[in-house]
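Both complexes below contain subunit A, partnered by subunit B and then by subunit C.
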Partner chain A sequence: MTACRYLLVLRSMPFDGLQVQEAIEQLLTLAAFEQAASVLFLEDGVWVLKQGQQPRPLGYKNLHGLVQSLDIYDIGPLWVEKESLLERGLTEEDLIVPVKTIERSHVPRLMAKHEHLLPG
Partner chain B sequence: MKYLVQINSSPYHGEAADTAYFFVAAALAKGHRILRVFFYQDGVYHALDQAAPPGDEPNKIQRWSELARLHGIDLVACSAAAMRRGVWKNQATPLAAGFRVAGLALLAEAMIEADRVLIFK
Partner chain C sequence: MGILHLVFQSPAQTDDFHQCLERAGEEDAVLLIAGAVVGAKQTGTAAQVLDTCPAKIYVLKEDLVARGISADEVVGGAALITFDEFVALTVTYSRILSW
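Then we have the complex of A and B:
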């Protein structure tokens, strides 16, 4: 694990208003300023990564393009809490991008390695 | 200490924006420097210039304008978030006193410079 300045802690459902989209856009801006950043998908935040979503008819833009652009901006690793996946019946094969899983008991240590935690 | 304060919540949704206001007022009173207050997501509703609550209610927008007038703090609403919500269209759009609109770059820049970053959601 490398030391990293910013960690976006994404725990919201993908279409709970625009908070996920706008939180990711904020992180992309920080990355454009060459700030090291990564993301932790936690609790209902893991649904953001679930493949096969079609939110357009419900009035939302598909977030998958935004999630896939994280790699282009050198944002990562993308951490996913193992228990959050298990509790929702999801596995890594259900996700749209490669991730690193982390056990709940290790999350505090991951957070402590970052200077700033951003809520999302 | 240099603080960057980010507010993601609208003035009348929950307590986040109230807590942010009281934090900023207290920090200024203690002599700290507020680099910028950045209004993002639904926080951009703070920049609306037509808020007129009944006289016996606190005005949650005007109190920011007052803080900006007294201390010269920089109140910035995110342009993309404000356009999306119809709060801002162009330079001719009136905003609450003390507010201006700018891009996320101004947020990133202040986050990098600040000793502490506080986000009220």
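Then we have the complex of A and C:
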């Protein structure tokens, strides 16, 4: 676990309003100011990373491009809580990008390593 | 110093209450505010997670009073605080996460 300034704690369900998109755009803004940032995907936030999304008919943009761009802006690592994946019947193979998994019991320690926490 | 977690919604309304309390660490504090204060009622089922959470638990007194819950109905170990003390907490804990 590397020390990092900002941690986005992303719990929101994608395609249920624009919260996820706005939270990720917030990270890109931080990256533009060369602020080190990473993301922790928790609970329904893990759905953001699910392969095969087709949200167009619902009037939403596909989030894959946005998520994949995080690496280009040096945002990361992308942490995913193991239990949140398991509870939803997902595995790492279902996700669009490589992630680091973390157990729920280690989440407090990860949060403690960041100077700023952003809800999302 | 740990993190101050703020929980706003009642445990029946959203899962924020449990999601936060299952992940707050022993260095942390959790403040139940607005509708979330009802989760601190001793005889309610949501209070169980408060017993297992290692973080210090605070409940905003004004929000409890507004909902007709008295101090002696709140789980032991939870500290009741005023708005002024809430402000002081945000100074003590420079890192805050809203759930």
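Note that in this section the second predicted complex is superposed on the first by the 120 of 120 C-alpha atoms of A that agree within 3 Å, B and C clash if a C-alpha of one lies under 4 Å from a C-alpha of the other, contacts with A are read in each partner's own complex, and residues count from 1 in each chain.
In this section, a residue touches a chain if its C-beta (ideal position, glycine included) is under 8 Å from a C-beta of that chain, and two chains touch if they have at least 3 such contacts.
Quantities reported herein were computed from a predicted structural model and do not represent experimental measurements.
Following the overlay on subunit A, a side-by-side fit with no clash is recorded for the pair subunit B and subunit C. Taking the Cα centre of subunit A as vertex, the centres of subunit B and subunit C in the superposed model span 60°, given to the nearest 10.
By the touch criterion defined above, A:Leu18 lies against subunit B but remains apart from subunit C after alignment on the C-alpha atoms of chain A.
Once the two complexes are overlaid on the shared chain, A:Thr29 sits against subunit B while remaining clear of subunit C. By the touch criterion defined above, A:Val107 lies against subunit C but remains apart from subunit B after alignment on the C-alpha atoms of chain A. Within the superposed three-chain model, A:Val9 lies in touch with subunit C and out of touch with subunit B [touch as defined at top].
By the touch criterion defined above, A:Leu42 reaches subunit C but does not reach subunit B.
In this overlay, which is a superposition and not a single complex, subunit B and subunit C have their closest Cα atoms 6 Å apart. Residues 116, 119 of subunit A touch subunit B in one complex and subunit C in the other.
Against subunit B, the residues of subunit A that register as touching in their complex are 17-19, 22, 25-26, 29-30, 32-33, 35, 116, 118-119.
Interface residues of subunit C, counted against subunit A in their complex, comprise 2-3, 15, 19, 22-28, 95-99. Subunit A makes touch with subunit C in their complex at residues 9, 11, 42-43, 104, 107-109, 111-112, 114-117, 119. Those residues of subunit B whose C-beta lies close enough to touch subunit A in the complex are 8, 40-42, 80-81, 84, 103-105, 107-109, 111-112, 117, 119, 121.
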